[in-house]
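One structure below.
Chain nomenclature is as follows: A, B and C, assigned in order of appearance, with residue numbering initiated at 1 for each chain independently.
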Amino acid sequence: MAGVMLKFLLRRLRVAVPTLFVIVTASFFLVRLAPGGPFDQEQALPPEILANLQRAYGLDRPLWVQYGRYLEGLAHGDFGPSFRYKDFTVTELIAQGFPVSAELGLLALAVALACGVPLGILAALARRPLLDRGLMLCAALGLAVPAFVLLPLLGLVFGVHWRWLPVAGWEPGSPRFLVLPVFALALAPFAYVARLTRGGMREALASDYVRTAHAKGLPLSAVVWRHALRPALLPVASYLPPAVASIMTGSLVVESIAGLPGIGRYLVQGALNRDYTLVMGMVIVYSAILVLMGLLVDLLYLWLDPRIALERA
Amino acid sequence: MNGAGALPLWRRLGADRAGAAAALFLALIASIALLGPLVNPNDPAAIDWHAIAVAPRLEGAHWFGTDRLGRDVFVRTCDGARVSLLVALVATAISVGIGILYGAVAGYAGGRVDELMMRLLEVLDGLPLLFFVIFLTVIFGRGETLLFAAIGAVGWLSMARLVRGQTLSLRRREFIEAAVALGAGPARVIGVHVLPNVLAPVIVYATLTVPQIVLFESFLSFLGLGVQEPAASLGTLVAEGAAEMQAAPWILLAPGLCLGVLLLALNVLGDALRDAFAARAAVGS
Amino acid sequence: MNEPLLEVRGLSVAYGAHPALRAVDLQVRAGEVVGLVGESGAGKSTLARAVLGLVRADSGSVRWRGQELARASRHAWRAARREVQIVFQDPLASLDPRQTVGEILAEPLAVHEPRLGAGARARRVAAMLERVGLPADAATRRPHDFSGGQCQRIAVARAMMLAPALLVCDEPVSALDVSIQGQIVNLLLDLKAQTGAALLFISHNLPVVRQISDRVCVLYGGRVVENAPCEELFASPRHPYTRELLAAAPDPLVALARRELVYP
């Protein structure tokens, strides 16, 4: 089994590594395709200063040398200098922002799972169709309200009207600033998790072996806990990479609205400022997280249902 | 799947109360977005210096109030909804078109071509395309053309996969072989025999794609990377509203609620259509 | 003897590692009826599909009027396509469910005579419907509205639209009710008599094959084990497999009785 697992992981890595390589290469050359240079400003720079700048950033070298250097830098975790935040390297900016973003994202994911799974199970077990329908309507609503609409609304109610929580801002070590952003970010994945859990649980409860277990006289709670939960969570597990992607994209707007100094805000700022190296670095980091997430989910699948996981490979 | 099958699908949808309600709501939003500016004669770009950020009042000239520049929020929301829907429809059409073509060719060609095309799809699927779109806007500047292209390009992957699967299973059917035996070329076989037979799931899937694209567009516009001033979509209006929410919450509420209801209706309609289709497929087989 | 229309030489086809045809030789002359028999899995359908170019040959040649099809020009290929048509086993599956019968019958014309006007096309479709014994209003209906036997009439009509020189029939009646099988066989024979087309008739129904064939070819395990004039083969089979096959077939008397049933 261990050998099979290793083979499985290696196979997945064979897809993951080229994917990352494609991302790095495509973004590198796309930047070079761009009309205008990174130093184009409202007033044209004097030519000698421009030349100096280009030399300083290595832009006067042939393209493949620049590409080689960039790859070499990446191998050492060096994303190059930021074109706009002149005193920082991209790596420094990422290192600053990453803990905040990670905390926000992981909390949102945790909230989505911790609320969505029980609610989904509850809806699946609900005897009265009204309860099920009501819960699912809430889920549909949750899916329909984007984070960038929800967060300002939450801020309006809890921040402006009741003054319980700060609308925006950040103090290290003070979780109060994270409450509203986390909930705004968690809503859509929560709704999706609830729907998926309900569907998965319904299907698992209808399957033969679960019905047999129930017929043997096991109480419902034991049936759910021991037999139905694992297969019911399979669709949730396969939703995790999109959930992480959704939280990561959501964090772009949420960090911008709430003024959290995470990497999402840097990405948006970088995009608006056309800070190539910064955006490139961010895209690579985000991609790496997503690819890593895919691998983690495969491992989770292996635990939940080895048969399916190996088939998927 | 039979020739008279189109009707039962709509009948079934009509029987689904949530789906029917969603369809009605959508029609309502669309007609308000289209006709609202005719009923309420305020010019969306006109600045009313006597009414800067006034609160909503149904008897007044500005039903939903005005924004910080004195522009009418109702008319601007109608405008934004129209732009959002238009972008979504065009982008959906682009992505559906690309997806159908790619999927049909891959599924029909089969063998090594199919394998190669699917491998490419897998790699593209692994890419965080949203970040790539942001990246593209950084490089090529912001603008509507890029917005359409980017959203359309991101949306086609699942459609291609769906059509490819359908085509693969169709390919083994004898009527396709019969057409090839007749001497029909690949273009004719795909156009006359494959596409009409995959149309129903394609329509259902396209309906499910529209809300995602509405969300995507408003998201990019919210970040300032999508629709640009002076044009407005629901995303840019929400962004404006969010900036003013402490002083004038209605500037946020009108487009925010409009976006929420629009997405809800689109999602419910898509789900209902999918259920109706699944039920019909189950009966048909 | 005149030159064969279709000449298959040393044809081999494999699906992956599994060989379906091994060095098969087969000839069909103009106006001839060749029966192709063998148990299921013997490669009968593969041979039919290879003759039509629906499966790729691994080796060997398929010649149409003396011309090698694998190396034929686009033009020659299309010309051959026009002259060789096929009727499949499952009539409903071989008709596009989204097309009307009129569209189905017009398709061969659309492919091979694209310059034909809509009116002329409709007239040819109507004439063919009459020839195969279907009502004129069938053109506006879809395959699902018809019975299996009627669908097979539609499939035969489609195959005959271009008046082919060779009609390949891949188990054309085995999916149909016994009571209808005879009607379809009679239809095929009528059309053959009218147009002078050759038939490559694939079946495991030996009485029918014996009744209609000039020559019979026995496939076993992807090889042709016997190829002889019909009466000679049925009277004195040479290959042990042919003997086994004939022995397993219904008693000639029963077959005769059945023939009475089949051809009223």
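What we mean here is this: a residue touches a chain if its C-beta (ideal position, glycine included) is under 8 Å from a C-beta of that chain, and two chains touch if they have at least 3 such contacts.
This one's a predicted model, so the numbers in the text were calculated from it and none came from an experiment.
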- In terms of Cα-based centroids, which chain occupies the most central position? B
- Item | Chain whose mean Cα position lies farthest from chain A | C
- Separation of mean Cα positions, chain C and chain B [Å, integer]: 49
- Query: Any idea how many Å lie between the Cα centroids of chain A and chain C?
  - Reply: 59
- Express in whole angstrom the distance between the two chain centres, defined as the mean CA positions of chain A and chain B. 23
- List of chain B residues in touch with chain A within their complex: 122-123, 126-128, 130-132, 134-141, 211, 215, 218-219, 222-225, 235, 238-239, 241-242, 245-246, 249, 252-253, 256, 259-261, 263-264, 267-268, 271
- Per the touch rule above, chain C residues touching chain B in the complex are 49, 52-54, 78, 81-82, 85-86, 88-90, 93-100, 107-108, 111-112, 142, 144, 155, 158
- Listed in rising order, the residues of chain B that touch chain C in the complex are 1-3, 173-175, 177-184, 188, 192-193, 196-197
- Note on the structure: Interface with chain B, chain A side, in the complex: residues 15-16, 18-19, 22-23, 26-27, 30-31, 33-35, 140-141, 143-146, 148-149, 151-153, 155-156, 160, 167, 245, 248-249, 252-253, 256-257, 267-268, 270-272, 274-276, 279-280, 282-283, 286-287, 290-291, 294
